[in-house]
Each structure stands twice: as C-alpha cells, then as structure tokens.
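What follows is a single structure, and I will ask about it in a moment.
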Amino acid sequence: MTTYLLKGVSLLGRDRTDLLLADGRITDASTAGAEVIDADGLVALPGLVDLHTHLREPGREDAETVESGSRAAALGGYTAVCAMANTEPVADTAGVVEQVWRLGRAAGLVDVQPVGAVTVGLGGEQLAELGAMAGSAARVRIFSDDGHCVADPRVMRRALEYVKAFDGVIAQHAEEPRLTVGAQMHEGSVSVRLGLAGWPAVAEEAIVARDALLAGHVGARLHVCHVSTAGSVEILRWAKRSGVRVTAEVTPHHLLLTDASAESYDPVFKVNPPLRTAEDIAALRAALADGTIDAVATDHAPHAVEDKECEWDYARPGMLGLETALSIVYQNGGLDWDQIAERMSRTPARIAGLADHGRDPVPGAPANLTLVDPQARWRVDPTALASGSRNTPYAGMALPGRVVHTFLRGEPTVFEGKATR
Amino acid sequence: MIRHLLSAADLDAGTATEVLDTAARMDEAIADREVKKLPTLRGRTVVNLFYEDSTRTRISFEAAAKRLSADVINFSAKGSSVSKGESLKDTALTLQAMGADAVVIRHPASGAPYQLAGWVNGSVLNAGDGTHEHPTQALLDAYTMRSRLGRVDGLSVAIVGDVLHSRVARSNVLLLSALGAKVTLVGPPTLLPLGIEDALASGTEVRYDLDEVLPGVDVVMMLRVQRERMEDAYFPSAREYTRRYGLDGARLRALPEHAIVMHPGPMNRGMEISPEVADSPRSTIVEQVANGVSVRMAVLYLLLGGAK
Amino acid sequence: MAQPTAAPHKVIIAGPDLARVVDRIAHQILERTGGARDAVLLGIPTRGVPLARRLATRIHAFEDFEVPVGALDITLYRDDLRLRGARAVGPTQLPPGGVDGRSVILVDDVLFSGRTVRAALDALGDIGRPRLVQLAVLVDRGHRELPIRADYVGKNIPTALREMVRVLLVETDGTDEVRLEPAPMGGQS
C-alpha cells in the first residue's frame, strides 16, 4: 500500500497542514518513503457522503451502472453513496441489496451503501423484508420507496415502528399521490402559463406534517428526502423543536433552480419534486444554514437520452447531481467549508450509519477524504461527465470549486481531476 | 415577422394586427371568385403533423395551405408515443429530410411544438398542444370579433367554463389582452387555475357567477366542458354545471343587444350551450370556422414569407 | 409610403405637369377603346389605385361617362416570396359589374421589369375573363425582363439600373411629383 504525504492542505478551509495517509488511515507516523503530493491551498474535506443516489443497476444499465455512478461520485468528491432502491428488480430483498453492495465493492471507487425498499415492489402496500436486508452483508439502515411516497398512513406507521428494532430510518419521498395525479411541474403561475399540470407544494407539506406526527407518536426516526418547499421547512422546524427524531435533506438543484426553467419545455429541468420558486429557494438556503435541513443529497437521477429528448409530459423526472453538487453548494449554499463538511459529509454519514465516513481528516481517522481547489472554475460539459447519462441541468455553466483528489481508505480514486479506475 | 407561431404571446399587438389585416385582404382577394386559389405558396410544402384526432383543425389548415397552392402532406401520428412507435425527434428528422417548409403540429403534450421547433428548420405552427395553447384559434376569434363588432380594442370578453384544461382560453387571454380587450374568466373555481389573474396578462379578471357578468360583456365565449371532468370531482354533475355555467335562452337575453356568442367547437349542446343559443343569429360559431381558414392562410403566408 | 428622402434626386415630372400627363392618357384611352364604353380601370396598389381613379375622373370630365374603377392587388401572385419575404397584402376591390367581357385597363405607376404586370395578368385570370386587357403606366423606365409592353405611357424615362423612379401622389404622399433617385442598397423599384 502506497503512503501519501499531502503537502500544504487547508484543513476544512482553515490552517495549512500536511496529511500523511498510510494503511487506509491518516497518521502522524514517519513520512519516510511517502509519495509527496503538492496540495498547496487545496481544501481538505472529509469524503462526501450522498444520502440519495440512483445508480440504476440492476435494470437500466443503459442510463447508469454502479461503476459509472461510482466514478461520477468519486469525481464529485464523494467516498460513499446510498443507492436508492427503485431499480429493476426493486431492491426489496436481501439478494438485490447484496448484489448492489458487491457491485460497489467491485467498482471500488466509493462505498456503495444500498437503500432497501420499504414495501414490496415499491407498491406501498406490503412491507418488504426490512429485517433481512438489515441483516444482510449490505447492512441496510436506510429504507425508502423513493420515487414513490409511502402514502398509506397505516403502512407508514408500521414501517417507522418496525425499523426501530435495528436503528433503521425511513426516508420518505413526501408526495401525496392523490394531489399530484398527472403532475408535471410546480403548481404556480408558470405552470398555469405553460399548461403543465401542477404539483402543489401542499402535496409535499401534507406528508411531511403527517409523517412528523407519526414519527413523534411512535418514537421512530424519520428522514425527509429532497425537501423542496418553504412550507416543509416550517413544519420541520416545528417538528424538531417538538423533539421529533426527524432529519431532512435538500438537493443542490432545489437550492438554485426555479420553476421558470420549465419555460423552455426542456425536460432536463423536469424533476420530482419539481423546481419551485425563488421564495422556496431562500427558505431552503436559510434552513440549510441553520440546521433545520441536515444534509445536502444529490438525488442523482441518470436517464437515457430517449427518456429526456422527448415531450415534457413523457420525460422521466430527475437530473444528474454527483459531479456538480459540491460546486453548486459552494456557490449557492452560503456555507463555509466546515459547514459544507457538516451538511455533505458528517451528518449524512451519521444518518446513514456509516462509521468510517464523515470523519474529519485528522490523525487516527479513516483516510476517506477529498481535496478541492477553491479557486478553480470549470465549465459543465455534459459529454465530459463520467455518468452514463447526460441529463445535467447545468450544461454550459461555469462553476467554482473543483475536486482535485479523492481518497478512499488511503488510495486515490480521483487523482489530479481524473478517476484512477 | 416571427419564424414560428408557438404561443399567442409570440404576437405583439402590431404583429397580431398584421395577421388580421392580411387575413381580411386574403378574404377579399378570393371573395366572389370561382377559383378560390392563390399561387402564393406554390412549391412550398406544409406538413400537418397530428398526434390527436382533430378533423376540423386539420381540415382548416389543409384548406388554408391548399388555397395558397402549397403542397400538403398529412401525417397522422396518433397512437405514437415514446413507448411505442417513433419518437417526436425521429419524426422531426424525417420531416426535415422531406423538406417541410412548415409543420403544423397538434399534440396532446403541452410544449411539444417548442421541442419540434428545435429539431426542424422550417416554421412550426402550434395547432394546439396539450392544455397549453392554440394560437390560431385565438387569432380567428379576434378576427371574428373584429368583423362582427368592428374592433377588439376596448371590448369586454367573458371566457366561460373549463379554463384549466383549455388551450383556447390561454391563447385568447394572451392575444385579446395584447389587442386591448378586457378578459373575464368565468367558471367554477375548480376549473380556473389558481393565480391565473396574473399568470398570463395583467387586467385579467376571475369571476364565479356567470349571471353577474353577462350584462356587461360584448362577447361571451363558451368553452367545451368534458363530461369526464365530473369523475375527477371538478363539479358535481352535468346538470349542476349547466344550471350554473351553461348559456341558455334566458342568459342570452341578459346579454347586451349587440353582444355575440362564440364557441371554438366542438360543442356539447345541452351542456355548456343550449341548442337555442347555438343556432341563434348572435352565435358566430359557423363564421368562426370560415374565418379559421382565412386566418391560417395569413399565418402561413407571413411565416413562410418571413423565412428568408 | 414614401420615405422622406435626403438623397439627391432629380424631378422628372413636377405637380401640374403630372395632371397633364394623366389627361393625355385619359384621352388616349378614349380614343383607342372607342369611347371606353366597356372599359374597367383596375389600379395596382399602392399608387396604381389613385391613378386609376384620376383617369376615371378625367374621362368623366371629358365625356360625362363613369368608367368603373377597382383595385387589383398582386402581392399574393408575386414570384419573389422566397427572395424578398412577405409583403403587406394590399386591397383587392372589383367594381360591381366584374371584369367578364370587359376591356380591362390595368393601371400602375412605373413599368420596370414587367413582373408586377405578369402577376396582375395571373391574378386577373383567376378573377374572370375580360374581353381584352391593356396596360396604362405613368412612367416606363425600361429594363424589361418579360415580353410585356404598355398600351399607354405617360412618359418614357431612360434610367440606369442603379437608379430608381419614385412616384409621389397627393392621395398617398401629399404631393404630385416623379423623381429619379439613386437606388437604395439591395433593391429598386
């Protein structure tokens, strides 16, 4: 195993220091024989952790594979991603989650932590074998029907209660389905003008409120996926103040893009939950800063060209996120590097129960870290992305902050801006 | 002149007036003639790309293009979707290869004409997209108002019914407002999108009581209401809808004497409009159909003539 | 509409002379159509229309006889849509008796390439079947591109292609005048 000496890193954007990586850990042992890497001025962050990634394998390998998604993640500064369960077949059994976990190990670019489905086939009716998935080699702790809401309140209550037995958490895609039948974009003046069926904020907020009450009632952990409205933020604030064990995430795109993007009818901007208004963005940024929202998660959703180069109504919702998340948050989150580490690494690692991730790169910690050039600007070129898909909403944008190196257990997965494998 | 007609918002007052004036001249040029044909677009190809059945709109565009001597290709793509059959993009590339100078598209998905415009070199005319817009319908409605009432500027127009799902309503609000009319949208609140007062044109008014509105309008435009909306809980029953928002003889008599009744068709007689009203001399429904051809001729001429 | 022009120009026909030229054409029409009893004057917009009306007025003054007047727009019959783009369509108004069996006299301000007259003949053919068709123009500036000639010419003005002839009429431009001007870049009439 190579020993690396990172010279002159700015730890969490603060004081310059050298970091020695040996045997998968950060150590203060002898630097003799180490390969020296000039990292002068690069910001060292704990490797980022994504609570919400769609890797599409098994089933839609034409859009993304565990390997291509892992590479995209590493290039985005991630060392661990939670792979959502809406694959084909659905990750609702120990067999499927173990398969995804093993594919992740084989790719070796990030730790792929599978998320298990809450209900069989994401059907919302019958609980999947949550305990079996928790007990599998994949050690599943997050369960989610993401893409679908666990809408039946009785099923949701049971799921919340059941996973208490193994400190699991239900990550809810908050969308009351009866209020979003046929919905295409945020319900507001833009949807009225464009004649696209509206996805009202209340469809999210009604579920966030209901689930917070349920989680409080049964004393279970709830995680709210991709919070997108100012109203949800208010409900979360209330729930946290009331002692409910709730955490929440926001996506980079909901911190930047508004429903006005839909005016082009370009389905690259179609996403679920939909892009909202400038007022929602302001509330989400404030909530991320004050901790009402705990984490940034990408909701990285690769889609094949034919699923996006079509009519808006027929396009699949979702956008790429892994390779742009850090830049978007750095540019728009109003956070310093320590806060970015908190929202994109430490807290998500804690929520996902990943003990070896989310730890600041100081002696003794596992060497899972990323090094960012805060001065660099780069232009998003969809064809240059490592993802198997091209559906980034940031095409052509110049973004600040570039990931230079990423290390997983002491070995570079990204070196000088290029994936090592 | 603009290259595509995708939304009534593409037309400012000047351009819209140019279209209406041109339509009037076209009417004049072929009025009382045996040969109802002009050589203007000889050698040009107009494709009617229809993803929805709409015989009346297709025939109107076809007649318009043929009266201008264009070659017309009807491409009925109904039943196609992304899952089966050819994608819109592949169809667009086919039309491009065939050298279409203009593509008239009717599509169930809002915004499809915008995407098509990005894939073909010719002009794209939106002939109705989902619940978005139907700009030539608004032009023919404005044309009809102008020929019946002499102007559009200053008119008070009530658009009544299922505004939520109506592309005709959206285009009319945009165009009539641009031309100086005052538009009032009337219907049950479930069928009036939240915030529509400000979403399309300032000065748009929303009212729920038809009887209060009728005495003050110059034009009442009735929208088609589909009975299936009832199943989605937009209103309790067809009977209640008709009682509250249907235009019958009594309501017709509540209109000012000069006011006209419009309907984009096809009508649900007995639902939003009673047979007595539909067949009354104040109804412009048949004229609207005739005017549709003239207005579409004008649009084709100006769009194709503008592509240099 | 005529643009007020700062360009140097030469006046070919000044106000009162223009009236005399119109009078002469009116006399010629009377002579050559045997009193113009079955004539119809069709002006080609824009300036052919007021010219046709003036001719009718003068014929009425000479013979106390009303020649029907109409307008025949040829915009939709032009062959240069691809080249020049859409132009505003002018009015077409036929006199109540129509043109069938009549002697139609087309009236335009300037005869140049002949393409406008060609388009007018096409338009006329779609409208009806005149007994004969003649052409009256205020100015013939030459440079024909088609085998077309005028039956009545107010004035022949030899021109260069880089020049243009501009006709101003009281009805459309507030003054009567015919000018020779340098052609604007990219086109001439």
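Going in written order, the chains are labelled A, B and C, and every chain counts its residues from 1.
In the analysis below, contacts are C-beta pairs under 8 Å (C-beta built on N, C-alpha and C of every residue); 3 or more make two chains touch, one makes a residue touch a chain.
A quick note: this is a predicted structure, and the numbers were derived from the prediction, not measured.
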Graph class of chain-chain contacts, one of line, ring, star, complete, other: line
Chain located farthest away, centre of chain A as origin (C-alpha): C
Which of B-C and A-B has more C-beta pairs touching across its chains: A-B
Per-chain CA centroid nearest to the all-protein CA mean: B
Chain A and chain C: spacing of chain centres that average the CA atoms, whole Å: 75
Distance from chain C to chain B - Cα centre to Cα centre, in angstrom: 40
Whole-Å gap separating chain A and chain B, where each centre is the average of the chain's CA atoms: 45
Chain A residues counted as touching two or more neighbouring chains: none
List of chain C residues in touch with chain B within their complex: 73, 76-78, 81-94, 122, 126-127
Contact footprint of chain A on chain B as seen in their complex: 81-82, 87-89, 107-112, 114-115, 129-133, 167, 170, 193-196, 198-200
Residues of chain B that touch chain C when the two form their complex: 1, 18, 21-22, 25-26, 28-29, 32-33, 35, 37-41, 68, 301-302, 304-308
In the complex with chain B, residue positions of chain A that touch it: 184, 187-198, 264-266, 306-307, 309-314
